[in-house]
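Shared between the two complexes below is chain A, which pairs with chain B and chain C, respectively.
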Partner chain A sequence: MRLRPRIFKKSPVYVALIAGALVMIFPFIWMISSSLKPNLYVIEYPPQLIPSNPSLENFLEAWNANNFQQYFRNSAFVAITSTLLSVTISAMAAYAFARFKFPGQETTFYVLLGVLMVPNIIVIVPQFFLMKFLGLRNSLWGLVLIYTATSLSLNTFLLRGFFEQLPHELEEAVLIDGGSYLTIFANVILPLSTPALATVSIFSFMGFWDEFVMALTFIDDPAKRTLPIAIALFQGQHGTQWGLVFAASLIALIPIFIFFFGLQKYFVGGLTTGAFKG
Partner chain B sequence: MKSKKWLPLFVFMTIVAMLVGACAPAAVATPAPTTPAQVQKETVIVPQEVEKVVTATPPPSGPVTLTFWHGYNADTETPFLEKTVIPAFEAAHPNIKVQDVNIPYDQFHQKLLTAIAGGTAPDLARLDIIWTPEFGDMGALAPLDEVMSDFATYKDAVFPGPLSTNFIGGHYYGLPLDTNTRVLVYNKDVFSAAGIENPPATVDDFLADCAKIKALGANHWCFGDGGTYAWAVDPWIWSFGGAMTSPDYTTSTGYLNGAQTVAAYQFLKDGVDKGYIHPGIKGGGVDTWGLLGKGQIAMILEGPWFPPSFKSQFPDVKYGMALMPAGQGGSISVVGGEDIAMFQQSKNKEAAAEFIRFMLSLDTQLQMATVGQMPVLTETTSSENLAKLPDYFGIFLEQLKNAQARTPVSNWTRVEQILTDAGTAILNGKGTPQANLDDAVSKIDPLLPKPAQ
Partner chain C sequence: MAISTNTQKKIIPYLFLAPAAVLFLLFLVYPLLKGFQISFYNWSIMPTKPSTFIGLDNYVKAFQDQVVGTAFKNTLIYTLITVPGQMILAMLAAVMIHNITRGKIFFRTLYYIPVITSWVIVSLLFRYLFQSPEGLINYFLVEVFHITPDPVGWLQQAGTAMIPVIGLGIWKGIGWSMIIYLAALASIPHEIGEAASIDGANTWQRFWAVTLPLIGPTVVFTLVMLLIGGFNVFISVYLITNGGPMQQTEVALSYMYHQAFDFIDFGYAASLSFLLAAVIVTGSLLQMKFLRRPVEIS
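Moving on, here comes the complex of A and B:
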């Protein structure tokens, strides 16, 4: 019978948590319910959460709309390639910043951090000229380059914080046994850093998958567009079929779900790491 | 630490970056004065090219690909353009391919500015009529009256209201492609519940009907609109006999703060105060379609996209359409729609002109009407052609005979912001209509073009 008072004591916390969870999940439920309503041109108020005659028509229409599947493949290519490149390069850079002493180390790192302070929209016109100069406009590789480059500073910063708190002793042991720094990096640092790498991968992937402004600015060729643009196109100038927009957004969420749940067990551990160091 | 001496520099750079960042949105939203100069530089050699192309009339010998940017909607209009209209054009012009690019409307203006600055503008674009003066003024568009030898034929064939948005600085920088206007839409059930038989023909009728509708209850409104932007207030200003600017667009003094315009704003203010007009017009916005469907708002102003879309959402609601209620100035509504324009950067001006001719042909115009695009050719109002158009186009074509375009000036975006802010202040009771409009006039006048000497 000791259980009851404990539950009683904790119940305000649970009530608050459940209320918070409901607030967080409400827009999502609303999105699902709207995506099941055909011909929804008006955002209803108050929202009707259970559709009167639900149908999957919107999902089929969105999926089969102009080039949607092509855009999906483009997005997948750009997001996966950029994530791999960005995480690999920033892990190497972060290792160097965390472990080696070299001239100008702190300065370089501060400059790297300074990049974080510059909002992307300021540099979009210079970037546009650069891409034009390099002949990478209208190219998915151009997007990969830009995405990777713009994400490096944050990822390096996060990973350096994590690498610095790994014990030096392990690495010294490898050196004594005749291993190289590359061995340390590949066989010690990376395996020990899965939580941090998972966190950085998830954030990067989500950022690349959702990115809209640069993709819209640098790509004119309809065949090279990515998913966020396809979704924005469902919003008309005068009337928007919201069911279609929400259905398309839900389809776009699937890869993020897969990615997130696949890496979730590492992710939660990774979140706290930045809290202590960095 | 060695790094200490870098710290001040780092902090300084960060602050500069953040300050620049804070200023950026304004610079992005309204084109900075430097942009036009830059554009001019990009396009300065083109006039010669134009002449070359004009004298060399034979069509392009080799295959040419035109790029055409547009904001047609993705569910019906774009598929129709890509599967029916463009293939027909390409069949008739074997040497020309058209690559169309659908761009989300909200980002279209911004993307065009970037592309023009970067020298990567398309050959052709379908521009919202309120953008044409701006792009024409900055030198980004080709003057069609010089590029197309038969321009006069097209100029005379289209409605004058939409055409007026293309004329700036002595040249025509585009041709209307599709048009629309707003008419009064009313909920028939609400009208019969309030004992009203016919839609209001005049502003006085409108006010009398409002009193009857308000008697239905506190959560019934006679009229609703989304704000005080020009698209919403212009029909009232003009129908009251007022105006935004002088006919040559060089001054707003005595027009925007003239007696009739003040009366129009006073009418809106009284409407809000009496509860006739939904408070959403004060700046908060309102779901006019939803409330019209539920019978809480009795009347709204809407365009030709309304009937098909509204029917699919509220299939059982009975509504009627009527002309804008007439005031001292008559029944005058606002013209919307799009122009088709050619860019100076285009290297295929002759082929691009061919596509413009095709888009403005009677056949294409009537075809695009099947997906809700209202034609711009005056001959479409002949009874024979009218029969080929959707029934509901009739009232809109009727209203178009008395409809004006929003002030076609290159600084329109900024002018409209001042207008919107003044209207919001008036409806929220911050100062009298006269005081607010006097203030707006003093801010708008410097943004208008200088009178020609």
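Moving on, here comes the complex of A and C:
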């Protein structure tokens, strides 16, 4: 009962928060509403929030049209493989930085950090030539390699920070028992770092799933497209068939939302430790 | 394993760094150097026509190119509006959410949804909303709120075409700063705010004099990240206006991309890349120099 006056006092705050939330969410509600309107060739005016004949026609058409399922599989392959590679390789590098002393360590680390400041698209032209030279244009494995490479800086930086905080005692115990540094990495560092590895994996996966510029530049073969490219082109090909475009977009959003709503604690943890940027 | 611990200590770090080093050198460091070289060439992709070294010509051309001026001006305007826009609204949301008792996670989640949605999808969505004459924004302006008598041709005019892009930049980014500010606010001990209240400070004074200085380093962190992000605006421009009408809404990266992959002028594109990189690096170094003091408060 004591809550009541406080809630009244706070009510302007709630009104403001709800108004803000509407602004954040309304475009998505509109997207969902449009995707449920069948055959929206011409934009209706006045626009209607609740579709008069809601149907899943657009979703079926998008799913069955233009190799969409192939694009979904391409995106899944690229995002999952890149995530596994990136997290493994970053964890190895982070282990070297966090637990060893070697000549050139600081310089190497600062070079790694410097690259974080300059965006990847700055080098898109030379990368385009490199991919061509290596025969990696129109190759999903090519995307996997370059996605992995471009994500290493951030992931190594974050995992190094986590590994440095782990206690040293367990490692000494492993060494005394005759184990090697490989044992330490596999049996001590990695199992203790599950939350950090999960956070880094989720953010990497989402970044790869959504990546647009490199896929746009390095992939010409229609069979090798990923979802972001397919959706952008979908809009080009189907002109004003927005219902179809939004149905395709919503299908592409499903994995992201599953991750987001299923693994929120890792999200907030990952964001507050630092540098992840949407 | 017969290898002694000491030998391991020397070899292992290099073995563990090797895969990262190979990928990093091949796909990032080499392109960075190669791009710098390309920027001094009239770069040819035809095997029959060799590339020619032209010194600083690409850079000279950039300084004389009017569209480069427009593109960098648009990039600056985008950054100068979206960065404070995101920070102020995110702070407002964070302070409000921090101070409510019920629904914290609910609001935090809702405000964060645009952040996790891909740039491609929200860019198409904004293009749809800002269509003329029948887009939803025009419907609200004309029919619901009667703000303008006629629909606005948002994307058809140079004067208004950046508005959807800027609006998207702010809308999509609020949640990111907000969640970081929320974490910073949660780390402030309750007693500090209470002490200020007892001394008679109102909410605004308390925020300005007590809260803000305490979370200063976090604010500076978001400022630096958002400024870099602002200068990198690309996908939204590419998909919403594609630089049009008449190249009036080009930003630095969209113009670079068009020069490279539409006009096949790779040398020029490379020089534009490095001009932007120079702006970003200089800006970041200046920030580090001038904003060091507030960071040290923590």
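To be clear about the criterion, the second predicted complex is superposed on the first by the 214 of 278 C-alpha atoms of A that agree within 3 Å, B and C clash if a C-alpha of one lies under 4 Å from a C-alpha of the other, contacts with A are read in each partner's own complex, and residues count from 1 in each chain.
Please note the rule applied: a residue touches a chain if its C-beta (ideal position, glycine included) is under 8 Å from a C-beta of that chain, and two chains touch if they have at least 3 such contacts.
Just so you know, these numbers come straight off a predicted model, no measurement behind them.
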Let me test your reading of the model: by the given contact rule, A:Ile124 touches which partner, first (chain B), second (chain C), both or neither? both
Winner by number of chain A residues touched, once chain B and chain C are compared: C
Touch check for A:Ala21: first (chain B), second (chain C), both, or neither? second
Identify the partner contact of A:Ile50: answer first if only chain B is touched, second if only chain C is, both if each is, neither if none is. neither
In the superposed arrangement, which partner chain does A:Leu233 touch: chain B (first), chain C (second), both, or neither? first
Once chain A of both complexes is superposed, is A:Gln241 in touch with chain B (first), chain C (second), both, or neither? first
After lining up the shared chain so the two structures overlap, which partner does A:Arg137 touch, if you call chain B first and chain C second: first, second, both or neither? first
Going by the contact rule set out at the top, does A:Thr156 touch chain B (first), chain C (second), both, or neither? second
Return first, second, both or neither, reflecting whether A:Val13 touches chain B, chain C, both chains, or no partner chain. second
Based on the superposed arrangement, let me know which partner A:Ala96 touches: chain B (first), chain C (second), both, or neither? second
Intersected contact list for chain A, partners chain B and chain C 43-45, 111, 117-119, 121-122, 124-125, 128-129, 217, 232, 235
With touch defined as at the start, can you tell me which chain B residues reach chain A in the complex? 1-3, 6-7, 10, 13-14, 17-18, 20-21, 24-25, 28, 67, 71, 73-75, 78-79, 82, 99-107, 111, 114-115, 117-120, 122, 128, 287, 289-290, 293, 303, 305-306, 309-310, 312-313
Within their complex, chain A touches chain C through residues 3, 6-7, 10, 13-14, 16-17, 20-21, 23-25, 27-28, 30-31, 34, 43-47, 89-90, 92-93, 95-96, 100, 102, 105, 108, 111-112, 115, 117-130, 145-146, 148-150, 152-153, 156, 175, 178, 180-182, 185, 206, 209-210, 212-213, 217, 228, 231-232, 235, 242, 245-246, 249, 252-253, 256-257, 260-261, 264, 267-268, 271-272, 275, 277-278
Which part of chain C faces chain A closely enough to touch in the complex? 1, 3, 5, 8-10, 12-14, 16-17, 19-21, 23-24, 26-32, 34-35, 38, 89, 93, 96-97, 99-103, 107, 109-122, 124-126, 128-129, 131, 134-136, 139, 143, 171-176, 179-180, 183, 225, 228-229, 232, 234-235, 239, 253, 257, 260-261, 266, 269-270, 273-274, 276-277, 280-281, 284
For the complex, give me every residue of chain A touching chain B. 39-45, 61, 65-66, 106-107, 110-111, 113-114, 117-119, 121-122, 124-125, 128-129, 132, 137, 216-217, 220-222, 229, 232-239, 241, 244
